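Structure provided below as structure tokens; questions to follow.
Note that the chains are named A, B and C in the order they appear, and that numbering of residues resets to 1 at the start of each chain.
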Amino acid sequence: MTELLSVRGLRVDFVTDGGVAQVLDGINVDVAAGEVVGLVGESGCGKTTLARAILGVLPAGAARVRGGEVRFKGDDLLRQDPAVVNARVRGRAITFIPQDPSTSFSPVFPVKTQIMDLMKWKSPRAADGGPGWPLRRYPRERYRADREAVLETLRAVQIPEPARALRRLPHEFSGGQRQRLMIAMALLPQPALIIADEPTTSLDVTIQAQILRLLRELVKARGVSVLFTTHDLGTAHEICDRVVVMYAGQEMEAAPAEAFFARPAHPYTRRLLASVLGPGGELRDIPGDVPSLVGPPPGCRFHPRCDEATAECRRDRPARRTLAPGHDVRCYHPVEGPIGS
Amino acid sequence: MNANAPGAPLLEIVDLARHFPVRDAFGRRTGWIRAVDGVSLAVDAGETVGLVGESGCGKSTLGKTVMGIHAPTAGDIRFAGREIGRLPPRERRAIARHLQYVYQDPGASLDPRWKVLHLLHEPLKIHTRLSRGEREQQVRAILAAVGLPDAHLDLYPHELSGGQQRRVGLARILTLRPRMVILDEPTSGLDVSVQASVLKLFRGLQETFALTYVFISHDLAVVRAMCARIAVMYLGKLVEVGDTAAVFEEPRHPYTRSLLAAVPRIGGRRVTLDFALEGEPPNPRDVPSGCRFRTRCPLVQDVCAAEEPPLRDVDGRRVACHFA
Amino acid sequence: MSAAWFVLRRLARDRSALLGLILIGALVLAALLAPVLATHPDDVFELHPAERLQAPSRDHWLGTDRMGADVYSRLLFGARITILIGVIAVGASLLVGVPVGLVAGHFHGWFSDLLMRVSDIFLAVPQVVLAIAIAQTLGPSLPNVILALSATYWPWFARVVYAETRVLQKEIFVESTVALGASPWRLTALHVLPNIASSIIVRASIGMGFTILTAAALGFLGLGPPPPTPEWGRTIAESREFLPDAWWYATAPGLAIFLTVMGFNLLGDGLRDVLDPRLRRSHTARDD
């Protein structure tokens, strides 16, 4: 397989007070090397759960992985030894940029402590083979080399005066700057894949523009793949090479960005794009509500709200159909033509 | 409520300022946050005026100060011709009948221990002397107007979905039939399809109840869809005020231009490729001298640091820039 | 009243809370039905010196005391005293403490600081010592015990109410009700109070246990209602000179005090678990 990351048939359930929620229903997602893939969907669609499942950080008590595989560089992360995954993959080959940078830093330590701590365990120069004893020593030469790498990366993410910045406390940075720090921390272990969970949602639009450009430039320069979740289609438009749309735990359509925005085929995608506010002020919503994941609709989960739904939609989930190279859709009635027709 | 002269604006803010003291660990004042620092704006009856800006610009503080949640540090707030910024508490409470405020999460504005029925009766109990039967009638009418069934009267807020809570929150305010409603980030955090239905609801209510809206939002697309006039704020001051269509078509202030340039355009070129604005807004405690935007402005000259540009009329619009 | 029923059901699921509920239930029953349940109801007042200090037997289930009165019957009537003291003392503390807390919580200036400093002063004094001082000065009697207990317990309520009111002030629904034009009276009475009621109830329950224990201590020291009132603490005091031979004389009231206080504490803990977060979440579980 040429894919760096290949998720196949992933099923995840969450045990809740109200019953068992089928949060992911056989998801298939691929990320190629050097590609930025956007995972787009509204709240409750399961994109954050998918991101967590790939990282292996689902809430232990509530979440149950019921099936499927997550293949990273050929190996199924779900079936590997967790200790090995923790040492080699998580935080190293696959890193993470969270949504809210303000809660990602401990407020009582200077930024330097946390970044160098990260480097101690996850630096590309760190020895392989397990986390070792907690009080593992940090060899001086490696520390110096790592610190140089940190300063260089901080310059790359445009943090002014990196050496001084390291000594500051997290609250002395603005939201945009903290997100830059998170990007730096995601890049330092020299990962193959970064999973970014709505990293610009809490930022102002001008800062968002800066961050998106920065992120895209950096990952393209270093050949790093990104799996970028967002509920904002505009953001996906700015940064993604390919876009995958999710609804209620099922992926509906996957296409290269240009085709996705110009010629979406799935009725849900079309409705979603149509509801983005146009300059004329027309308001188009989607009637109905997102279904509960406890006892969701059978077959294609969008069928209760879909104009094209027929009996088979209500019965069986559609299989993947390739409309054009790279453009897959899971629908019995994909629509042709631009939106609005 | 005194009727104001026809043609006079419903709301007139004149040089409004709201400053917050900054205190050190001992409680001594070390400085001020000039959240709103001299804003003048007029809103006519029936209009929908949008107030946009990024975080820290003061738009929420402005809304809350007009509403009376904060007391103004300086300046006047005139509602229907009457100054309301410095009224004694009891009289200020009476104004609430005509001027209301919707929170970003209207569901949070509901007391979790009260049934919807009581929540909706409360505004009427506070402000009117209607009998229970008369209140019942009003409440049912409002419920219908926001699209909720009578059955919901018997429920507690946590037994409703988020969208239904929002409608109850709105209904509560509308029972008073206010003339003007300040909406504070009403669509923040909402999914795009839900946003569309919420905005439809607002539009419908505006028609039904002849409301005037002040629409505070950081989302330019939403403001463009809903507001006929737009006012852009930066660091406590207005930088551009004008007709929405005109401002979007041809923004005059450099900040407005950057703001618009940052909004992604689906189906078009990637905006981030050309996006030029660097840096972040300065700390509101240390407001730059002269023009506040000068630290990031592509057009900056010496005069910008020396003199603060006034908000002046340029082609039917108001712009605060030396070079507009 | 469905709220009370719901709470009761939820409480019953927690074993220790259930135990507390049973103990308190037994106490209340004992107090209410004392004349019926007692084997020798007249022994509260009558003396039978001939039968003094007899061990527990079929006739006298818990033995007799130094006056020959039936310990068991006196214990039951003593329960009445106990409950009376607890309810009135805690009630009076509520009546003073809650308004003080509400007022202090609502205002922000020197006045609320003053109120809280006054309550701090009362809190700083050890409760038993102050109660002793008051009872000594005013003389031993039931009303004086209640006075002493209320005077020392009200600051606890004031504190809890103050803290909760301050927290509540930051809630959006409070701010929005103010924006709606509600007066401070309406806000406090109809919105703040109901939302802090659960904290008050929990503290009241625990306070009952604490107050009863202190009342027994006062009784033991001779500062409580004078004989022949069958107050439990006094009974223990009386039994001292006959220990360890007449073991039943001290054990019965001692055990009664122990079970009562434990009962209130367990109940209070159980209420704390049941009342706050759960009640908010789902009154009647409904799916939407």
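What we mean here is this: a residue touches a chain if its C-beta (ideal position, glycine included) is under 8 Å from a C-beta of that chain, and two chains touch if they have at least 3 such contacts.
Just so it is clear, the model here is predicted, and its values are computed rather than measured.
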Greatest Cα-centre separation from chain B belongs to chain C
A count of C-beta pairs in contact puts on top the pair A-B
Averaging each chain's Cα atoms, the one nearest the global Cα mean turns out to be B
Taking each chain's centre as the mean of its CA atoms, chain A sits from chain B at a distance in Å of 33
So, in whole Å, the Cα centroid of chain B is separated from that of chain C by 51
Chain A to chain C, mean C-alpha position gap in Å, rounds to 56
Expected list for chain B, residues touching two or more other chains, is 161
Flagged in chain C as touching 2+ other chains are none
Among all residues of chain A, those touching at least two other chains are none
Within their complex, chain B touches chain C through residues 67-69, 90, 93-97, 100-101, 103, 105, 108-114, 122-123, 126-127, 155-156, 158-161, 164, 169, 172-173, 176
Per the touch rule, the chain A residues reaching chain B in their complex are 42-43, 174-177, 204-210, 212-213, 216, 231-235, 237-239, 261-262, 271-273, 275-279, 281-286, 289
Chain C contacts chain B in the complex at 171-173, 175-183, 186, 191, 194-195, 280-284, 286, 288
The residues of chain B that touch chain A in their complex are 54-55, 161, 163, 191-197, 199-200, 203, 218, 220-222, 224-226, 248, 258-259, 261-267, 270-273, 275, 277-278, 280
